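Going in written order, the chains are labelled A, B, C, D, E, F, G and H, and every chain counts its residues from 1.
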Amino acid sequence: MNGVDEELIKKIPGLPIVMTTAEWAINAGRSNSIWTLTFGLRCCAMEMMATGAPKYDWARFGLEVPSASPRRADMMIVAGTVTKKMEPVIIRLYEQMAEPKYVIAMGACAISGGPFIYDSYSVIKGADKIIPVDIYIPGCPPRPEALLDGIIKLQKKIMKQKFRTVKEHK
Amino acid sequence: MIKYIADIIKGIISLMEGLLVTLKHVFRKPITLQYPEQRPDISLRFRGRLAMPIDPATKDNRCTACMICVRACPNHSIECEKIVGEDGKPKPKPASYTYNMGSCIYCNLCVESCPFFAIIMSDEYETGTEDKASLTMDLAAEKYELKGKKAAWWGSKFKTEG
Amino acid sequence: MELIKELLYNSGKPLGELYTWAHGIWAGWGAPPFLLDLIFQIVIGVAVAAVVVLNALWIIYYDRKLSALMQIRKGPNRVGPLGLLQTIADTVKLMIKEDINPKAVDIFSFWIAPLIIFIPTFAVFLVLPFGKGLIPADLNIGILYVVAITGLTVIGILAAGWGSNNKYSLIGGLRSAAQIVSYEIPMMLVILSIVLMTGSMKMSDIVAAQSHYKWFVIPQIIGFIVFLIVGNAEINRAPFDLPEAESELVAGFNTEYSAMKFAFFYLAEYTNLFLTSAIAATLFLGGWEGPLLPPIVWFFIKTYFVVTILMWIRWTFPRIRVDHLMEFSWKYMLPIALLNLVITAIVIKLV
Amino acid sequence: MITLSHYIILGAVLFAIGIFGVITRRNAIGILMSLELIFNAVNINMVAFSRFLTPEGAYGELFTIFIITVAAAESVLGLAIILAIYRKRQVLNADEMNLMKW
Amino acid sequence: MIFTEILDKLKAKHEVLESKEDLGVLNAWVSAKKIKEVIGFLKNDMQFGQLSFVTAVDLMAANNIEMVYRLFSYETKSDVVIKVKLDRAKPEIETITSIFSTADWHERETSEMFGVKFLNHPDPNRLLLPDGIDMPLRKDFKCADMTPLPKV
Amino acid sequence: MTTKAPFELEKLSNDEYILNMGPQHPSTHGVLRIILKLDGEVVKDLYCDVGYIHSSVEKMCENKKYEMIMPYTDRLDYLSAVNYNWGYALAVEKLMGITVPERAEYIRVMLAELNRIMSHLLWYSAYGMDVGALTPIMYAFREREEVIDMIEGMTGGRLTHNAFRFGGFRNDLPKDFMDSLKKFIGHFNDKIDEYEALLINNIILTARTIGVGVLSKETAINYGVTGPSLRGSNCAIDLRKTAPYSIYEKFDFKACVGKNGDTWDRLKVRMDEMRESTKILKQAMEGIPAGDIMAKVPKIIKPAPGEVYTKVESARGEFGVYIVSDGTDKPYRIKFRSPSFSNLSVLKEITIGSKIADVVAIMGSLDLVIPEIDR
Amino acid sequence: MAYGTLLVFIGFAVVFVVGGVVVNYLLMPYKPSVAKYTTYECGIDPIGNAQIRYSMRFYVFALMYVVFAVEAVFLLPWAVVYRRMTGLMPLIEVLIFIFILVLGLAFAWKKGELKWD
Amino acid sequence: MIELILFYAFAGVTIFAAMLMVLSRNIFHSALFLALALLGVAALFAMMGSFFIAGIQVLLYIGAVVVLTIFVINLTKQVIGQDVSQVNELVLPAIITSLLSACLIILAVLKTDWGTRIAQSVAQSELTDNTAIIGRQLLTNFVIPFEIVSVLLLAALIGAIAIVSRDKEADK
């Protein structure tokens, strides 16, 4: 069901324009209504909360609705250290989210293991080892502004997305 | 019976107090900082990404590749290589200064250990990216120009030290 | 100009005239009259559907902005002017989100639940008196119809909870059903007091009985407060949002729902908020009555006044615990409502 | 033109379905639900009679209200008993509900 | 209470294998079999009401695992450290959960981290670690994904 | 050592069922997993499954120089990182025999108390979320941002300050610190009153918390519960009072205690503690002397063989650092005694018999930080 | 006429819901995987069956609801005609009616059924 | 004409739902179908002009009795996906019995001459609301049953609570 026959679309006059407009509208909807999975792991979770708090107010970006259930979450912010015990949980939560879904790796731990990159026997060295990550936000933890900046970057990325395509991952 | 009614009244009063607090806040000004348009006034000591600023006078960085910072880093986010001269002897200049922003924990220990103020935690924090590889950067090649508050501060340090 | 004025202030009459006029022409053509009725009804249906959708879009936005106002922040302001398109973006997003039917669910119950929940919500609009004569259908049993048809929601919630085959859903569904069921009684008793005062269950009669600013909110102030509390509980909003108690049951009975099916739950929730407020405005605040402005505007003003109160409550209070919730209904609300009813009856008889 | 017979025949069909359900259902709850169907068949008849024969007194409707009341009371008690038995003995099947064995 | 006082009282009742003062705190070594009595004595008779923590130290050179029990008294505001030397190959010791409930989790943690077996423990389950990682705090622990910190 | 299912499904009686809360659950404050055995709404038994964020800090620290460990203490408890820095710095200073200059001690106290306020504010907002009130978080974070700005101005970090150095500080207080502190102290007490009116005194919350999750003094001490959770049980044990470290003797404040040890008492203790912290801050602000901020410290930290245990009163209770030194520049063994670890272990004791919603309320009142439990 | 509108309304609601879901199905990206269709339980394998036996308390509230709903239904026609009827009889009859049911409420209250334990 | 179509539609829905209810293998689905059947009956009531009865049919039957039934289904362990045959071995006798009774009634109805009253009684256009009549009747002619109903309800309430709470005590 994925993807639309590109050649076919080009043949019908007017359709490409309609498709581009529709794509734009859909992407605009997607990018401005990113519901996050409420889920924090470590220090970064506090900055995530701070981003939701009045001073930074991520509701302005349409992230107002925190979704505890992965079924209707659009974005998972991996905010903190991913450990071996947590790995299956994160994979399962990611899988249970409905397409299209995005992942932000927030903070050093989620990007590469951060402080626990060496000598640690229980930390996964980066969330991208287990799930596909869209945006990496370095920092330990990143400032709320950095998270907002990451979200804006994600919105830009979504705007470039193709209609009905889904990300491939292992 | 009296307790029953008293409970109701007490409850109503406590609820009213709560409602009053929220009502009062309706008339207070929002404290929201509208981020991409408005930016926060970040304190001087804020630790953003590591940078190796170039000295405006010499247009070069001040790193001597002494490796102290590499040793001070708790999780080895910095790697440094010296320039090897024609005679095969290493020179006190970095050939490459690899900084892994993805694993840096912004603890400032490297900056504190540097005897030459060659590196500094800049106030740049909008470093989010789609591309993980771009998080590993060569600071020596980057030619970072420090701006704003930090630049003045660094410049003053620079003078006293230099 | 005259026509517009007439339509706004006395819309019932011109609509009726329009209807008879159309009927005349229709009969002239010799077409069966029920077809015209059907067309009229479909037009009404379309109009109400538009109201439902636009109102839901607006009310969600309003909720967000109001909460932002109380929480000293800005609220959505990046999509469209002042963030007005935020809810539209949400709708578009939900519409193209993947719909997941988990393996363990009971497909029939899982699919039918949004339908069962949405139909009553939509159907209640049938008797809402938007203005003078501007009632889609002025049923004889008006308010009984409202109570009866909203009661169907419980079945939808139970079906959603049971069909999801998820513990959180099941507990949430049962809690929700028990809650709605418990609060239905005080609500009916309050409504009974109103019926007692008007002697009719027709919505238009209820509004007419309050004409000349004899709003029932004065004699029935206790009833009004009880109705607000109970109404808030009926629609599962904070502080009575136990079924969706996030910190306990993740998302309650709609934990497993995604995309459009969830959107209907969401839509129903906010539409119910509007409905409860509209009914409160009709029963206690004199419905469409008001000076200067057209009746329909007054109706919406009053409704949104009640909506604002309910939202204010929502954004202030912590969640009540499930046993307190039940006790509150049976031990406080029911006796108070019953007392209110008896006093009303006695006063009517004696005065 | 709908006549009284229409309603009564419909009532008869519902009644028959209800009877079928009462006899064949294993589940005690199912039996109760089938009983509700029978009550409804009766109600249809009642209302139809009232509407067609004695519209001025609404006797049939009054009886319907009483029947609904009785049905409600019946299901309250019946379900309470079923629930009690179920919690004691983990059975829902009417065949296995043998009170003598208690 | 200064450490000599504690030591004297302790010695009067129980056998103390070895003792020393470390930064003003009494460290007393007792035998593994006696641990329950000693801790019980300290709690009930000497008002050491709080068990600060239970842990172990892997003394690889001496082929010992040393259990460390640290107690604190709210009344006399003094600390005491009770230590037990266990055989590294087969470390086993009686649990003190019945005396201090807090020891439950501390012992479970020590158990998975050092492989010490606590006899009669009410809940001998893993606490922190997932399956597949055993005794990580032993000095000779090796793990496939444990990249050592590069030497500079 | 085995991993087995905590409750066997077959052994459940007919009324009981198992409900899982976490690891991903809105109210477990991170990744704690709690398995509840329930009968209807009533909790029959409970099992905590921790370790979802176990990141092997203790092992890593064995391979790090003493200076490098400081940032890691931040990340144990990111809510009161300063106290954790302090506990660690205190341990090494004791091991090395370093005396800290008085001005540095004052700054430490100020930072620590600000940090305590910050932590309690976050607890307050999180508690609001737990019990379903969505507005407290917004108000509390307003003040929290103020405190964070102050601490950031001093240390450069918002959460992970890495503030302390052995022997004092690297930087003195910034110029505007005192002004903003004065301003903050000026209006903070009013805000606390507002918080109490909004949430703590609300009848819905009092009905939910009074008499729920009663923790008796004996149980608390037996389980090693410390901090506000212990003081809620009418037990005036505050390490700043009972075993004073640094210069806490100089300040006039009281250890806030509750009456019955129920959930509400624990909430109230934390609210009162914020007021007490403001008091300390006020005194510290007035009494801070001029002078050095750094003691003479050898360039390479290489303590003599031996062991040390120091404890500080963090926002959650007694945080202790146990270091075994073997004379090299790296600790031989380091153990962090974290308060939440013991505080969580008492959860089972006080939760059985209450309702599902109470689990959340009680857990919130213990103020848990999961990474600190798991380390 | 009025009830015809109701039918149209219900039809509209059905079309609305079904249409929404159909449009959703036409437009949505689709990517099945085994884990996606597992039951959500905080990110771990569900423990035991979801069809649990829940508290009996709920039944008590539901049955009380049924009883009181019947009562309210009997009061409705009374409320409608009350103003139009003369004499005190309607009032007294209904007071007796309500009183008998309040006895039921009092019984449940006394029995502790309204309290959750 | 239109009435006839509607009648058949509602009757069809009712009978269809009733059949499904009786035949469904899943007891929860049965309850949902029962709700649908009752809704159909309510629609028929409304068609006959008994709006009040239709209202209380929805309110009491669907809103209360069916909900109560679903509650009980939820309170017993009914496993999704476990399709238990809900039908016992008495299918054939049941079919015969029900068919016989239905035929009997239908025959009787068709044979009966309902007399002249029908023709004049329901002028279908004058379907007035009779809530007021019901109320008046309840308070005058039917006042004894009216009071007895409250006693009946009290008895049901007390009885059910007694059953449930005895069960609760037995649990302890």
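Following the convention adopted for this analysis, a contact is a pair of C-beta atoms (placed from the backbone, for glycine too) under 8 Å apart; a residue touches a chain by one contact, two chains touch by 3 or more.
None of the values given here were measured: they were computed from a predicted structure.
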Report task. Would you kindly count the fewest steps from chain C to chain E, each step being a jump to a chain that touches the current one? Result -> 2
Query - A-B or G-H - the one linked by more C-beta pairs in contact - result: G-H
Report summary line: Note: chain H sits from chain C at a C-alpha centroid distance in Å of 27
Report task. Would you mind pulling out the distance in Å between where the CA atoms of chain B average out and where those of chain C do? Result -> 51
Query - Whole-Å separation of chain centres (CA-atom averages), chain C against chain F - result: 45
Query - Set of chain A residues in contact with two or more other chains - result: 26, 38, 53-55, 57, 60, 68-71, 83, 85, 89, 93, 96, 99-100, 115-122, 140, 143, 164
Query raised in the report: Multi-chain contacts in chain B: which residues touch at least two other chains?
Result: 15, 18, 21-22, 25, 30-32, 34, 74-76, 105-107
Query raised in the report: What are the residue numbers in chain C that touch two or more other chains?
Result: 68, 70-74, 77, 94-100, 104, 139, 144, 165, 167-168, 170-171, 174, 177-178, 181, 184, 201, 246, 250, 255-256, 259, 315-317, 322-323
Query - Complex interface listing, chain A residues touching chain C - result: 25-26, 28-30, 32-33, 38, 53-55, 57, 59-62, 64-65, 67-69, 71-72, 74, 96, 98-100, 164
Query raised in the report: Which bits of chain E are touching chain F when the two form their complex?
Result: 22-23, 25, 27, 49-53, 55, 57-58, 68, 70, 74, 77, 79, 81, 100-102, 104-106, 111-113, 115, 124-131, 134, 136-137, 141, 148-149
Report task. Going by the contact rule at the top, pick out the chain G residues touching chain C in the complex. Result -> 1-6, 8-14, 16-18, 20-21, 23-25, 27-31, 36-42, 46, 50-52, 54, 57-58, 61-62, 64-65, 68-69, 72, 75-76, 79-84, 88, 91, 94-95, 98, 102, 105, 108-109, 114-117
Requested in this report: Could you please specify the touching residues of chain E with respect to chain A in the complex?
Outcome: 129-130, 132-133, 136, 141, 143, 145-150
Query - chain E residues touching chain B - in the complex, by the definition given at the top - result: 149-150, 152
